[in-house]
């Protein structure tokens, strides 16, 4: 298998773009990992849509308070300066553009910024949660994802094939192979693994990769 | 003024067949388990109320609380944002069998529709769900060059709510993230029924810290040691216990 | 001058219709007087749109707290079980139908339930406050007013001539001469001063007074 | 994270000519007098900012606070529900002289429009003002047989807000009925500037009693002994004092 970033490493890379003092919502699952890689000296405030600002790490096992949970229904703790609020106020924060960054997972992202991350089609029980609100609320909507599906198929596409979560909402994608901006209806490659040629990356990407300025090496620590 | 009722049975006595019932909570946090179970008791004793439309963020977990209400066959339709959980088998089987109706609503839209119901706002526009399957059939409009979906208010006949402290006037505080949908549902129901861990005299809650003013609350009952759905599920509980 | 109720007596009569446990908003001015005539044994909860439930009497002079005021910007006190909230929540109470009664003053009321109480026309500075919200919010919207203007002209009319506050919103009118319901597009006379004949009352009323069932004597104490 | 600024001058430094400024308060309760006066100071020293659109429930009283801002000639347009007060002479004279624009909005609609601005709701429907002069030119629609007026959100470049306690993250509590429009305006402005009687470290406000979460606040300044508009007016004060 060729070189690719682990989940932790993708999360690490995404964390480097979170500014000091930013208000951030992390989607359930892989995006949650971003919280643990905040660069030293920077303080982000994490929002969970079920009504907490400035929550912290999970408590030790056995010390969970099941009234103090995140959107994934996992137990969390509070940091100094936390606040509780109800769901309408929580989504006022989301929809009203008060979050600086939302980082979400993806089934598919299209070069026009469309995102599909809530439904794999008509079978099974559909569930959407807060994803459709988050993609239209935060000032910056980023995706973290493996570059391809488990079957090796591209997740970055000309157009999404799965039901959409939001239209034209994604502005940056952190993958296991690259960092890509979505701008002007195109994928603009910003960083890629040094061990990977542009052609190899393009071959795993379902839409053309544009280059503006230059492409930096995607460098992350061992994690 | 004293909004206290005498028992769990009294608390849920006005819910009738076919009503719309909002149930507070996000997963287990803030879920009024004892009120839900009292409603199940009534159904088992009398066959009523059935055919309910339930509004909750989720679809229950395991075999207690909302999941048990659904399992008892009392729910015709569920309005929620996320009908998945660690153990969603009750809802999943009924849904896949075509035996329960689902209206799937994005979480923020669900919250805002409930608030709108409480605030006398029959419709509003939101960017959420524009261009997606969940906006199908809904009016859209453009404001300042951006497209929005029109959403309608949600109201209920009864709301079942879990609070931390209530006073006899119905003023409420909540606990941590158990607040979630509870204050909104208090506003949006014709009758709001509250189970609180403590019920105190009017004046015992600082007016500055009241989260839900009593005007939104009709019935209050002290349930001093409420069950937590998460704990019940970790213990593989079922309701009714013999069920 | 023929017999008519004083302001205090009109307020007293209006107060008799407020049930125990009712949530009530009283308009600025004359309607404020209603609060002091709650029948013994009944407890009403008063709402002021600037964010208090369950306020009480004004404080003694010199003990005012100017953060604790009512919609008329007069100092008030709190009763046990009070709550503070912001303006959006306050008008959610109003618009959402949570108040049992709103009692307002009037320039004119029409037999179709229209109310004019905010503007006497294009001259001067217009000001509306919360009146337009209150008339579409409370379960029951009542008016208390002198039966006629200072010039002796009817205030109860077939149609309002002044700018409207609300359309078809008033259901009961307490005047210095009578108690009148607005129902089915008509004024229905419920009570009148015993000393006044029906013809005398009709002569001071700008639209026909219907009678359903009977007309009771309007009896109030000396105040 | 520390949102404290060093001075009143710093607090109001970003307000520019022609901006829309929300100012908290209902009459004098909750009015950020010191921030307003700092803005007047800047205008007197530099000639800026002028041509402001101000959103407040009222139009000022006497010759201090908002009335003084208007009297200084800094306000082009006022959006409010009730431009009357015990002593409204400043606004009244300018208005009757055609020198200031007025957008009159019913109080509940004003509050809801501001909340909508903060909550990302571009438009909503309300029964308020239907059939009246204040609904002229606005779209109307019928829902469930009742008629409603469509209202648009209100946003501002800057909000000037008075709080009781703030922490360094911008979490706020208010005092009694001084709460009023302040929490809503915090939500609806690109930059929210808060004067608080006390500024405390993060963690010193119980998360349960936070009224405005810090995400809605950008600048915080301690003003330990704030003036009360009512007291200033009872003393016939004018701002500036030599004015």
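The first chain written gets the first letter, and so on, giving A, B, C and D; residue counts start at 1 in each chain.
Note that contacts are C-beta pairs under 8 Å (C-beta built on N, C-alpha and C of every residue); 3 or more make two chains touch, one makes a residue touch a chain.
Note that the structure is predicted; figures quoted are calculated from it, not measured.
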(request) Find the chain most remote from subunit C, comparing centres computed as mean CA coordinates. (result) A
(message) Taking the mean of the CA coordinates per chain, how far is subunit A from subunit B in Å?
(response) 30
(message) Based only on mean CA positions, could you tell me how far subunit B sits from subunit C in angstrom?
(response) 36
(request) Could you list which residues of subunit B touch at least two other chains? (result) 112, 115, 119-121, 126-127, 174-176, 207-208
(request) Among the residues of subunit C, pick out those that touch two or more other chains and give their numbers. (result) 52, 84-85, 88, 91, 94-95, 136-137
(request) Take each protein chain as a node, join two nodes whenever their chains touch, and name the resulting shape: line, ring, star, complete or other. (result) other
(message) Dump the list of chain pairs that touch, please.
(response) A-B, A-D, B-C, B-D, C-D
(request) Would you pull the subunit D residues touching subunit A in the complex into a rising list? (result) 1, 115, 117-121, 167-169, 171, 187, 201-203, 207-208, 210, 213-216
(message) So in the complex, the part of subunit C that touches subunit D is made up of which residues?
(response) 48-52, 64-69, 73, 84-88, 90-91, 94-95, 114, 119, 124-133, 136-137, 163-167
(request) Quick one: which bits of subunit B touch subunit D in the complex? Just the residue numbers, please. (result) 112, 116, 119-127, 141, 143-144, 146, 148, 152, 173-176, 207-209
(request) Going by the contact rule at the top, pick out the subunit D residues touching subunit C in the complex. (result) 26-30, 57, 59, 81-86, 88, 91-92, 95-96, 102, 104-112, 114-115, 126-134, 174-184, 211, 228-231
(message) Taking the touch rule as given, give the residues of subunit A at its contact with subunit D in the complex, in rising order.
(response) 20-21, 23, 43, 45, 47, 52-54, 78, 80-85, 88-89, 91-99, 136-137
